[in-house]
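The following pair of complexes shares a single chain, subunit A, combined with subunit B in the former and subunit C in the latter.
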Partner chain A sequence: MAASTPNGIEEPGQARREAMALRRAAGSFLERRWASILVVAVALAAYFAVANPAFLSGNNLLTIASFLSETAIVTAGEVMVMICGEIDLSVGFVAAMAPFVMYFVWNDAGLPLWLGVVAGLIVSGIVGLVNGLVTVVLRVPSFVTTLGMSFLLNGLTLTTTGAFPIQAPEQGTRFAALMGHNQVAELGWAIAVVLIVQIGLSYTRWGLYTIATGGNLLGASEAGVNVRAIKIANFILCSVLGGLAGILLAFRVSSIDPSAGGYDIMFRAVSGAVIGGTALAGGSGTVIGGFIGALVLAILLDGFTLQGIQANTFDLILGAAILVAMILNVTLQGRRQQGGQ
Partner chain B sequence: MSEESAREEGRGPVSTAPAIATDGIAKRFGPVVALRGVSMHLDRGEVLGLIGDNGAGKSTLIKILTGFHQPDSGRIYVDGKEVRLRSVSHARSLGIETVYQDLALIPGLSVYHNLFLKRERLLHPLPFLANQEMRRKAVDWLREMGVDIPTIDAEVARLSGGQRQAIAIARAVYSEARILLLDEPLAAMGAKEATQILDLIWNLKQRGQVSMIVIAHNYAQVFTVCDRINLLRHGTISLDRRTSEITVQELTDVVVEEYRRSHQSA
Partner chain C sequence: MVRDAHRLEPDEVRDGDPIGNSDVLRTVLGEEAVERQERAIRAGYRPTRRQLLRNLGIAGAAASMPGFLAACANSSASSRGGQGNFPPHPGWKFTFINHVTTNPFFQPTIYGIQDACALLGLPTAQFVGSENSIVSEMVDKMNAAIAAKVDGIAVAIINPTAFNDPVARALEAGIPVVAYNADAPAGSNNRRMAYIGQDLFLSGQKLGARIASLVKEGPIAGFIATPGSLNIQPRIDGAKQAIQASGLPITFTEVATGAKVEDEKSAIEAYYLGHKDLRGMVAVDAGSTQGLAQLMQKYNLPAQGIHAGGYDLLPTTLQLIDQGFLDFTIDQQPYLQGFYPVVQLFLYKLSGGLQQPSDTDTGLLFVTKDNVKPYLNTKTRFEGSSSKEQVVKAS
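Moving on to the complex of A and B:
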């Protein structure tokens, strides 16, 4: 209409309309919370790059990549569990256990290593199934269920392994490189996981029902959504991804360490999810946001280490940053809910 | 066609059976008697205003009609056939749908995903959501219903109470509900929003596919869209009048008189 009549009178209106469209586009970009977190990530990276030239060196970027990859894979699962209104605190101990399962299947049972990997992921999935069943059927809050599961798994891993690290199998092979010893391959795993889970969240019934379950449990089940099955499925997914991250970590450092993973990676995953905009109360969030949240954490950790900040000081800064992110998450969510009224 | 027959049914009780009817429904919760013999009916295509004070038994009656509670005694008829409503999903399978203002919708999902929840269209044979198709159908449907929503892509959390209510009603009708129970559809709404919901109820009535029970505290607001008003008091229907035979003022007088008498006797 206006475009097809290129006279002088139409132009100002056209220009104003374009400006408005532009402003609206910018507005909706910032409304996507992961976008504003991306701005933070870029700003942080720019700061550290200026402060310390080593930040942008190839080796350092690989360090960030592997740190990011392991966290981001766990974050992807945690985001799904959190969107449906639950939390999984045991995922880090699944990460510690899975490579041992893999090792036992390979070393003690003498099966091919890839079968060991599959077995590790299956056992991880069973842990998620138990988490889900206890939470959904026995109605124990997932916070408590998975906290108990954390201790149980940690004890199990420590007793069966004698609490000693062992060497990761088949070092120097292409399989080991593919399974995470090569940090680029590890990043590839993370990106693949994030994309697949995000597509599942945005474009499948599973994702729709996950948001529905966390956003309005009663309304979703009234509409016919099997909210129990959705929750259990997401617990299983989260545990399997925790197991995958643990196996990748083991191959990367060529060692299976019973003290790897644990609360540390779980806490980073939950923080990454929250920083990336997943609502603590459930009902909304994105996997891509979680990935960028994990990226922010990776940049912070690496940057501060390069700056030579002590580990204790670092914990202080990181803890404060995460608290602020969580407070913002809750207050922004509240404002968003009231947005239209 | 159904509009005409509905009007006929409204005049003479002879032709076809009411959409839903109850006979002597009683329900008690422990020592508390919620309903003591409710006999009411909703004709096809009719809009029935169900009014009454807090604790009069409105919500208990609605929960019985949607299968959430089972009555202690009495009968329920749907299309003239006696039914025992076993559960909410059983009632829904018979076309009975309740619309609660905030209960039904998922705040984090778009308007069109809410409309299609559990009825999603997929890109067969792929397992992905046919978002474009659902979006297009939702736009058409809402336009047909006369529901004005700023954008179909907006998360429901961002919409106003009136818009949410309109979407919840539209969804119930889209699911081919034949009997709609609207629980306080105008609660906490400004005049403009309330008018929009009343217009929507009016549109639905003109389409003639659904029969509606509107539960309202403030009956003056819903009076204009109702064909008939039932007053529920102390667990029974104490007044049943067509809105064409009574004015709001007269109704108010009756209600006030009823309360005065009940307070004196109590």
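Moving on to the complex of A and C:
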């Protein structure tokens, strides 16, 4: 069913030519790896917009931004680790810990809040460094490394905080608004992170080496790529982004909660990455795709809540919707590959 | 558009206005919904009256929702009106935001919501939130409900500050908000209109007084799943306070057990094995209470004069009370925590705000060997053990 007929015997009519032109245009759009999932996201948004007029209201778009922003930031980091052929399960617990580090630096050490934010991100980065070192130097599979790290961090957060939520600092200030209390600002952070990491992936040596490391580890290292350093760097990036997401989340909900983040946000981020076209086995993926994957999840979570779906049926419908969306996505991708012949 | 309408069989065809008393419907549902329906009928669809009412309701909420979704959602926004002495009124839609939506504890709450909505002629309120106490997810879902312009919100405020903004936002949008099951701490800036649920600190005090009166002296351990959660922390604080106030020579230690029922059991056993001098144990959440009851049975601790009690009505807990291993458990009547918020929000809407939601204690009932039988022998909506509507005879 591809556009061209190899022997060219048939005389294409006017309508047929137009159809071919259209198909070519669609084909060049769909050559983008993330295009098919974008089509799915738009279709979902259109469905909810028709089903419920409140879906496109300003209030609800902000709500979708909240559902999306932190997950999208975590997804960006997770995509990079996954392209390397690894996974980071601990990123959600970094997200829970980082705002506490920020709080302790600000409240207990009496330093300015922005320094607390920096400290939170640095500690997050150290967690990523440890994850990376244990994985590539001691050769513990990253699944296990980061699983252990998850428990470790969760326990650390619970014990150091007395497992009690704290009010986020500097309520009502411009700083708090900028750091995520304002949903538009939070979305801005998410978009900035996604763009920066995507540009890094597409246009820098670091991005090229990351793809090479995940796509062909042996080949890459024989070609002179320092695959260990690349992996460690991406673990650090993922953790730092997890910490950033956790800090933004704390300011958004005005509370630093020891049970925030966790496996929940990690799982949503990994799902977003995979829905957005990142290969679980590594070697390929895009950050923009991950962002759109996270957007699909956000639209589903928001849309079904808006529709008044009951909790017990929520998972049923969410699961079915994810399956349908992914089947649609894979079908579209199949078409893309055919178009690219 | 009206997908599940069907063409009528000849014997079902009636003459006259296809959707019956459309003037009333126009008033109640709005011009647009009725007109949409009439267009569909003119186009050849002949729904039954029941389908019609339902479709009109759905049309008001969601123009073209497939039947499957409709069945899962609030299935009707239509007003049946006129229950008892009440005048016809819109089908107000309420949303309950919960922290552990799939926890069996809240099954009676869901039944309470359903029954109150049916009684008052309202569409069944939405029950939604997080499955694992993830506060940000609750906040997001509450914001979605505000965006959907629901007519009232009940929220379990399990975090001291995170719900201040969403509650304020809802009130500014003209949506009344009550807290249920868990409440913002005293002195909080949270503006929820009322709290409907157990007075947690008071119940903890009663628990503490009871265990102190049984134990008299020696160490007591208090088990809590997740310290800091506003739905259970006040209980253990109350227990501690009452034990100290009793003046008895008792030391009280707080032990965290974790959020998963299977972990709670292990944590309690581990603590007991390390502290065999314990004379009493209490637990302040359902899972810990069950784990505690199982520990009492495993080591036959009542024979050693050790007393124990806790909260909530998990089946194992009730059985072990009946067998004498656990001294007592506290029933906080979760059915009422769904029923009363609906009634209060309804009256607020019906009275145009003249009837303000008011703080309501859903009570505290000690369940002991003496009165545990009806819990074990009957299966009811009130305990969540059966979905069947029935009149339960007192025993």
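Quick note on the criterion: the second predicted complex is superposed on the first by the 286 of 341 C-alpha atoms of A that agree within 3 Å, B and C clash if a C-alpha of one lies under 4 Å from a C-alpha of the other, contacts with A are read in each partner's own complex, and residues count from 1 in each chain.
The rule we apply is simple: a contact is a pair of C-beta atoms (placed from the backbone, for glycine too) under 8 Å apart; a residue touches a chain by one contact, two chains touch by 3 or more.
Since this is a predicted model, take the numbers as computed values, not measurements.
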First (subunit B), second (subunit C), both or neither touched by A:66: second
Subunit B versus subunit C as contact partner of A:262, first or second or both or neither: second
Which superposed partner A:307 touches (first subunit B, second subunit C, both, neither): second
Which partner, subunit B or subunit C, touches more subunit A residues: C
Touching partner for A:110 - first (subunit B), second (subunit C), both, neither: neither
Touching partner for A:223 - first (subunit B), second (subunit C), both, neither: first
Partner chain in contact with A:167 - subunit B first, subunit C second, else both or neither: second
First (subunit B), second (subunit C), both or neither touched by A:249: second
Overlap of the subunit B and subunit C footprints on subunit A, listed as residue numbers: none
Interfacial residue positions of subunit C with respect to subunit A in the complex: 61-65, 69, 72-74, 93, 95, 98, 101-102, 110, 124, 126-129, 131-137, 139-141, 143-149, 159-162, 164-165, 173, 226-228, 233, 256
Contact footprint of subunit A on subunit B as seen in their complex: 88-89, 103-109, 113, 117-118, 120, 122, 127-129, 131, 155, 157-161, 163
Interface residues, subunit A side, partner subunit C - complex: 50-52, 54, 57, 59-60, 62-63, 66-67, 70, 158, 162-165, 167-168, 249, 252-255, 257-260, 262, 264, 301-302, 305-314, 316-317
Touching residues (chain side subunit A, partner subunit B) in the complex: 203-205, 208, 211-212, 214-216, 218-220, 222-225, 279, 283-284, 336-337, 339-341
